[in-house]
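Here you go, one structure.
The first chain written gets the first letter, and so on, giving A, B, C and D; residue counts start at 1 in each chain.
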Amino acid sequence: MIEQGSRHGSVSRRTLVRGLAATGALAGIGMPFVARAAEPIRIGFPTPVTGPFGAEAKDQIRSAELAVKQFNETGGLNGRMAELLVRDDKLNPGEAATRTLELIEKDKAHFIVGALSSAVQLSVNEITRSRKVLYVSISQSDTINEAKDFSRYTFHEALNPHMTTAAVAKHTFKKGTRVAYLAADYAYGHEMLRGFKRAAAAIGAETAGEILHPFGAPDYSTFMPRLRSMRPDILCICNFGRDQANSIKQANDFGLKKAARIVVPVLLHNQRLAGGADAFEGVVGASNYYWRLEETVPSAKAFNDAFRAAYANAIPTDYGAYGYTAVRSLLMAVKAAGDTDTDKVIAALEGLTYDVAKGPERYRACDHQAIQSVLITESRKKSEMQGEADLFRILDVEAGSEAALRTCDELGHRA
Amino acid sequence: MNPVPQAPILEVEALGRRFGAFTALEDVSAVFGKERITAIIGPNGAGKSTLFNLLSGALAPTAGRLRFGGRDMTRVPQARFAHLGIARSYQITNVFPRLTAHENLRTAMQARASRYDFWSRRDALSGLAERADALLADIGLAGRRDRPAASLAHGEQRALEIGIALASDPKLLLLDEPTAGMGPEETKEMVALLRRLGETRTILLVEHKMKMILGLSERILVLHHGRLIADGSPAEIQADREVRRVYLGQSGGYGHA
Amino acid sequence: MQTLDQTVVDAPPGAVKPQRAPRVTAGFSRWRAPLSILALLTLPFLLPSQALAVNVLIYGLYAVGYNLLYGYTGLLSFGHAAFFGTGAYVTGIAIGAYGLHPLLAMGLGTVAASALALTVGAVSIRSRGIYFAMVTLALAQLVYYAALQASSWTGGENGLRGFTVSRIGLGPVSLDILDPQVKYLFVLAFVGAALALISRILASPFGAAIEAIRENETRARACGFDVERSKLLAFVLSGLFCGLSGALSAIHLSIVPLDSLAYHTSGMAVVMTLVGGAGTFFGPFVGALVVLVLEDVFSLWTPHWQLALGTVFILFVLFLPRGLWGSALERLSFRRGQS
Amino acid sequence: MTSAFAALDLELIAMQLFSGVALGAVFVMLALGLSIIFGMLGIVNFAHGNFFMVGAYAGVFVMERTGSFWAALLVGPLMVGALGLLVERFLIRPLAGRSPDDPLLLTFGLGYVLVEGVRILFGSDGLPFATPEELSGVADLGIGYFPIYRLFVVGVVALVLVVLWYGLERTRLGLIVRAGARDPEILRVLGIDIQRLWLWVFGLGIALAALGGVLAAPMRSVNPEMGNVVLGEAFAVTVIGGMGSLMGSVVAGLLVGIVVSMTALVAPEMASIAMFAFMALVLLIRPQGLFGKPGLGV
């Protein structure tokens, strides 16, 4: 995959040189606009190819490239082709900032799409907003919606903890349910905890207790006696990635799943694979995409089919789908704007409604958050799985609505 | 020329050192300064090294007192010993291996002159380089000025070893087996050097080569099992029955222990 | 004393640190800082991007600062990320939360890093050798977790943001820091000044004192050097320059990631210094250049670039312990010795 | 925090103490190999955590082929131990006579290679490792429930300690090893092949790290980065206990387990800091660690 990325990278350099040479030659005969029309639309794509989320990154790249390919096959922007400049951010915000600077300063990228962790996303955003470059972020976070980090160049295609927790709570909490929380002690963990508790308060569920655990902790045994003593009906585990796999597994070992239902804000395809069917059995969470959505949503079917055709019958995963929806919607806006001019594309994105993989989506004006559907999924029992990729059961699809977001006011955006 | 100081330079009072339950040195008292060269002898494990370490400040005593030039040194940190005028050499060559011979001496001299100067150029410190050259000539290493110490021959390293001790221009020089590992020729040259040095300062040395000690030193101290068992002129020591018993019982005569 | 006996004895135990410092003549040491700065002026033309060139400057200074302790004083620390990160965080917080002038903020960051170095140094120099490495590592971990916890100050895992410096006013002049060329020269000005200062310190009597301690601690103490105090001073100086490099990185990236305090960042200082040549003035800079460029190039070819990095590093430890620059200097002085 | 204190009762505290001891057993396991290699060879193995991780993967590898956890528990560490022998022979031994920093630096580089090697062979995602059937489930301890598998781990660690103690104190080989740790010269005088001894001690240390990895696999997710946290934990434990002291590793491991567990009860988010703060405290009072010899590098 990365080989493709690098080929794109070097192609871009060569085409840039060729393009410049052509500009010079043609300027001589007074036809500069022809050369300009041939200039590719460059989309910088920082993603953590190395590191623990390598598999998710690979999916993102494949999906994003699929979107680029489809754009180019349908003629591009009046003949201008798009290209994806993939860069490895190594899941390190400093590295990501350097790569983004390179993409903007050296590669002259028109747009930036990508990032897979909240920290990396915020660092890319910091670079792009000061350089006035449009950035479509595809990593989950509440922070990026808030006025402090937001800029008019910032778009957020991914879900955020507020949306996912509200959807999960709506489906699992009842009035009087006793809920215990185990949350990672960092921004993302706090955001998920806040979201759940807010939803719980609205529904009338009770808080049995909460424990903040150190971010990146490998062992959760010391929290289990207290969690058990809270006697919850539901255990909300608010963390991500490896922390999620470890804590669910250990909660299971301590027999907590027999006493309580385990609920998470986000149920990830690859974490479920790493954690195993037994540990995750019956765990409920939210997701932006699951391939079996194709049974009810036509655009999902079209996306899956295109993906299967391009990548040897593979299916797209949740984080992979973000690569597709983000790049696809961006290129739709470029087409609508008829130009790569940042201001024009911003205006086009703000006015766009797109349905490319999961039903209709649009960006809210005040914080550029994509209003979209949220899937509630449950991890399947091993014996009930129909094939390797049949990991989840879709319990419900919460349709996209602005009511699911925090108000512009609350986020600090002045109307 | 320079007369040997008549006032006692070093006073040792009931000095002792324990390591846990083990007593390495006990109740040693002596006054030094009258004689130019004093030798300390004794079988292996007699406490010679411990005594040297106490006298040079490398170890703090667990009992007794130490006075140098009338000043109490019992609790003074080691670095101060060099500043006040006590220097030592080591039995195993202990130089700065990757510095040149000249730098070895200049650095050692600098320890007394300047330690926390971040700004001057070290080679421009007043007169140090010249003094190091002079000392280099003194110990016969002028021709090896810019060779790294590690690449010098054994005898040359021994000379440099003593040169470093001399660099601080000490009033009291503690030499730990200065001729260790040397052949007869080298030993002879070292003895001549020590005689010369003894003219201007007090020297205390630990040695095993009895013949050399008898010819060189004016006074001999004998340690055994951490205690001082004899203290006197070479003739007195040779006649001492206790000393004979210790040495004869050990290896059948004076010699290498 | 010059006899025919030429038996070369082994270097004394405890002084066997053969990988450092081929010797450079005093005349050259006067010119090393200006020459280095000249060399660094060419970097933006040689490297694929300005951003990478600025990173080389920053990490080069970081490694040079680290080398002050490892290469010249002989203390192997595995916790220098604490100083790099502190320099960066304090700079960022001073600008973002208190609106300080960027230069003042950088000064504050550097001072804070030095103060932390004084504390960490005071605890860790009581242990020696390998133990020292572990103690510094563990204390740096403590700083890392503290920064993670103090998220209202540091932004926690999300990193510190919101202090982008776009212009720096210097009296009548205002520098556009968003312009990559201006930024490069701005950072180079600091790095160049730091290099000149470090060169001067290394050539000073204090430089001689720490070298003596590196070469033979026992003897240095017997000669009258206060070993503990000198080590602590070297530690603080090293922390100061690493802190400055951190402050520069905050200005450069306009974020401070939590990773800047992580074990990995400490390790980078060690890797770069060793690859370039510990105990040589410019070696660590060469190391930073090589490591960062390799990382840049390898990561375009393969996601498994760390395999190459690790292997290259192992080969250096095994076969080229003096590092690239150190070996080159050695070859040079050998040839000079021949002629 | 008030609600946390309100919830405290004796049973919970007792349970928390027990969790701490059980977690401490894991820490002891992590520190043992590191400590043995340092005590004998004077080498700080910076790849220790990565060998732990490789051990877990070796366990997965054997488990997938044989389907038996017991085979994985036995064969996994042996495989990784053999890898350790190769590392000692071809990477560590050539550094003999050089600065003691060099093996440390080498193993630091080796860590990168091991992580990337595993990523290439097994992918960068984690792998599942189910708790063995016969050890799954929870036991009622009277004060609360505890996973049977974790009790089993405590038992294995105790067994390993007994075997190590017997080997060191009661056998001729142990005598040689102990003498060698005090003064390698003695062994040379006695005509013992010290290189071969070091080879096997290094292999043993690595095998212990790997055994820790296999034991941890059913508790934690198996992934290429799982060794990174472990390295920090193992360092903290050995520094607290005193480098090279087996007794120190055991006592410090249990102490750290209890400290972490008790912190988890009153201020759970501080559990990671607690370990390093405890270490800083010990260092301030006793720089050589609880059981460290003051002469040894301190």
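We adopt the following convention: contacts are C-beta pairs under 8 Å (C-beta built on N, C-alpha and C of every residue); 3 or more make two chains touch, one makes a residue touch a chain.
The chain list, named the UniProt way, goes like this: A = Branched-chain amino acid transport system substrate-binding protein; B = Branched-chain amino acid transport system ATP-binding protein; C, D = Branched-chain amino acid transport system permease protein.
None of these values were measured; they are calculated from a predicted model.
With steps allowed only between chains in touch, the distance from subunit B over to subunit C comes to 1.
Of all chains in the assembly, those touching subunit B and also subunit D are C. Of all the chains shown, the one with its CA centroid nearest the global CA centroid is C.
Distance from the subunit A centre to the subunit D centre is 37 Å, each centre being the mean of its Cα atoms. Distance from the subunit A centre to the subunit B centre is 74 Å, each centre being the mean of its Cα atoms. Between subunit C and subunit D the centroid-to-centroid distance comes to 32 Å (mean Cα coordinates, whole Å). Among all residues of subunit D, those that touch two or more other chains are 119, 124, 269-270, 272-273. Multi-chain contact residues of subunit A (touching two or more other chains) are listed as 50, 54, 185, 214.
Along subunit C, residues 145, 149, 303-304, 306 each make contact with two or more other chains.
All chain pairs in contact, by the document's touch criterion: A-C, A-D, B-C, C-D. The touching residues of subunit A, counted against subunit C in their complex, run 2-3, 5-6, 9, 49-50, 54, 88, 90, 92-94, 97-99, 101-102, 105-106, 118-119, 122-123, 126-127, 130-131, 141, 143, 148-149, 185-188, 214-215. Those residues of subunit D whose C-beta lies close enough to touch subunit C in the complex are 38, 42, 44, 91, 94-95, 97-102, 104-106, 108-113, 115-117, 119-120, 124, 228, 232, 235-236, 238-239, 243, 269-270, 272-273, 276-277, 279-280, 283-284, 287-288, 297-298. Residues 48-52, 55, 145, 148-149, 151, 155-159, 161-162, 164, 166, 178, 180, 249, 253-255, 257-260, 299-306 of subunit C are the ones that touch subunit A when the two sit in their complex. Residue ranges on subunit C touching subunit B, taken from their complex, read 1-3, 5-9, 11-12, 15, 20-21, 23, 26, 200-201, 203-209, 211-212, 215-216, 218-227, 229-230, 233.
Only residues 16-19, 76, 123, 126-131, 133-135, 137-139, 141-142, 145-146, 149, 263, 267, 270-271, 274, 303-304, 306-307, 309-311, 313-314, 317-318, 321 of subunit C touch subunit D when the two sit together in their complex.
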